[in-house]
């Protein structure tokens, strides 16, 4: 892999590389916060040292009019720092809000964490272990799930991390803007080889990324793979266009509200679809008799992702 | 004033002139009189001896962890050994040292003395809680040493329930047992503080030390049952596959994080609050001045104990918790800064215009304030949502809580130990050695843990057995600091034991401090006071030079 | 005092050395027991919370499980425990009056009602076993295996009732020990308030069951 120097070339780092504008924002935030907290705390350090020296027992200094309470003073040093720091609460919450809402045009990369490796799948079906290639200028969402214990995908160059949970999808997103090689880690302790569950994230110019995708090669996209699985697991028998069993159509289902038997509705997101494949008895849908068998323990995590990718891509009504 | 009062209040009166009962250390000498004692002072010393032993074990594990991290590729220990070492360090230090440290030793010894009681309300329960504590902690420690556990002190499911191949169940059983000891201690303190105060000792005449212990006892009572339940559910899931946390059994791993942190965040205040109480006593005594804003400081203790139950979610900003919940938890965590700031600024104001002696306890207290402030503001960084998304589970967090727990609680513990050592043992420690030790510990601590803030911001995750080579320089620096810290710890360990036999005899009140504990002899007699004290003055009555010990 | 043919003994409290007055000692003991009960309540509250959350998340599974639970055994047990609280109260009242024999009888009645509860509960567990309602037994099939979420509620059921059972077993043991102690003539003169303090604990066990019963057996039925 040619390109910029690897992070390992630096003997002593004091500030981490930032590879996205969001990371730069977090750096501004923490720098400003550091400055304000220094403003609030350095006087304490100085005062304690100064008082301790000036008012030592053996020194004759003026100690008259000592006070042991002053409500105004106390209220002010209680509340002024609080309101000052609240600004940073708001700033942090605003950046966090952005980090929770990926733009609609984001590219989705699927990630699976398991003891002790990461597996990433690009939309075109290219997959890689531990390392990840992403283009610059393109918002990238990593949609993750864990196959066993809790992991956490940590990308310091983007100043983000999100836990990877078993049984539930979580997301992290970023828009890289500086090509280079950066570290990625598992940051939630996950057992024996926790510390080697790491790799590098290669940020590339869009053209280079295209080349890399072609080189990496893939026979089929995720959705195409999913379509194949949809047939081979027999899903088409009930959910397909020619089905004889009365089962809900899945075309155009993704991200739509689904009416439940108990009167509520649920949004058909990734976690919902996965749950439904594994535990169809759970949260029954209004208007249908539950006859679907459970695929718990039958379909592996990776194929679940492909099936869901297919359901997502299948937006036209079939029936 | 009766002659009896004179001898109680005047340290210079020769002690042999009166026919007085033997002090609690010399009242009885048999081994049985120690192991079956119901005297809160003896039980406090039993705790002190046991937690010192546990601290040494935990510190050894920490030393080995730092040794391993000198090289980036983890050649020194295998990955599993490393994981067991840091788990051992965490479990021992948190469950068996920090949580009982100040409450079970100083609290036990001093609360009855400070409120003018003969003993705690339930002396036999007090002894029972020491036995329960020893049973649980020794059991777990044997498991940790002989078998090993690799889950970290946090025991996150489903790793701990399904995937770890180590001795998780016995370790958990020990921790659950120790929880009962915490509950019993807290219960004893609450009842004692409510019902055993001597005549005239109103709530607002109690020393801040007692206030903070009252707050801590409430946390013991309200928080511990929840962690007991959470750990019991872990045991059941691991042993009987009763699914609660593992999604494969139909459970929810995030539920464990909620239950765990609902206790374990308040547990931080179990460690911090008593330290604040100790430091308040030290600052007042060595400035010879009334605590600035006494009522604010007292309320701040209760305030901290209350808010701390509402912020557990700030450990879960990156686990997919709803954004609204995260924002609320972030805000509430900022609110913790309010009572904390009250304490710090009020200590500073207490020192102002004081009559200051820089003896060892005061050095520790000043070190405490500095390090606690650093630990506190870095806590605010971590409470900031976008910043936590970067720093969560990195060495920044490690540095932050060591500043709070070692820089905070440990320094307060050592400061208090020096301050009350004459009261505990009747002997003075050697002052010069004490000051050298305090400096070494302060410097060693900062060299060890400050580099970890930088490591964390650079993105080094915690609990890493091997790490990228660019982090080596800072890790070596940190390990070097830990050797200074270790040398520093040997100082008090050595000279305090030495002083038991060779230290100068201590007067009743060597620091000219106020507070009922200084009105009785050093060491105190079996029932603390020869006659029940009556209080008709304010706490920290330093302006009144004639009273007590003029 | 009206003569009803029972010899009343003097009732008092022996002052422990750490207290200055008997009133102080009495209040301290009561407050201590209440503090303990608060922690106990929090222990159970976690489980109740789990049960309620499951009820909201998986209403159908919960209904499925509750229809399999033995409502009538649960209801009988509720009555049994309420009766035992009654006999416990009788023991407290008679201990205040100094009617030792009466009090001993009431204590024994309380203990036997507690044991009856355990017997019924054991029988209920046996029926659950018989009906393949124990999903955690690896070598035994589970009758509701088609409904994964039902396992969770059933687990909460076993944990909660099991924990309550442990409390009851502890309670009965202490009760028997207390009865043995109280059978000595001097007991009421020195330790009468132990009966009162213990009574708080027994009422608490009863109260927990009175919450357990509707939360597990009745709601969603």
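Letters are used for the chains, namely A, B and C, taken in the order the chains are written, and counting of residues starts over at 1 for each.
Operating definition for what follows: contacts are C-beta pairs under 8 Å (C-beta built on N, C-alpha and C of every residue); 3 or more make two chains touch, one makes a residue touch a chain.
Not measured: the values here are computed from a predicted model.
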Which chain lies the greatest distance away from chain A when centres are computed from Cα atoms alone?
C
Which chain pair shows the largest tally of C-beta contacts?
A-B
Taking each chain's mean CA coordinate, chain A and chain C are separated, in whole Å, by 47
Taking each chain's centre as the mean of its CA atoms, how far is chain B from chain C in angstrom?
36
Provide the list of chain C residues touching at least two other chains, using ranges where the numbers run on.
148-149
Can you list the chain A residues touching chain B in their complex?
7-16, 23, 25-26, 29-30, 33, 37, 40-41, 44-45, 47-49, 51-52, 55-57, 63, 66-70, 73-74, 77-79, 81-82, 85-86, 88-89, 91-97, 99-100, 115, 148-150, 152, 154, 156-157, 159-163, 165-168, 170, 183, 185-196, 198
For the complex, give me every residue of chain B touching chain A.
74, 79-80, 83, 150, 152, 154, 156, 158-159, 162-164, 246-248, 252-254, 287-296, 317-320, 323, 326-327, 330-331, 334-335, 337-338, 341-342, 344-349, 351-358, 362, 366, 369-370, 373-374, 377, 380-381, 383-390, 392-394, 454, 457-459, 461-471, 473-474, 543
Parts of chain C lying in touch with chain A, wherever the complex brings them together:
58-61, 146-149
Considering the complex alone, what residue numbers of chain A touch chain C?
261-262, 279, 281-284, 294, 296
So, in the complex, the side of chain C touching chain B is made of residues 17-20, 24, 27-28, 31-32, 35-36, 38-40, 42-43, 46-47, 50, 136, 138, 148-149, 151-152, 155, 158-159
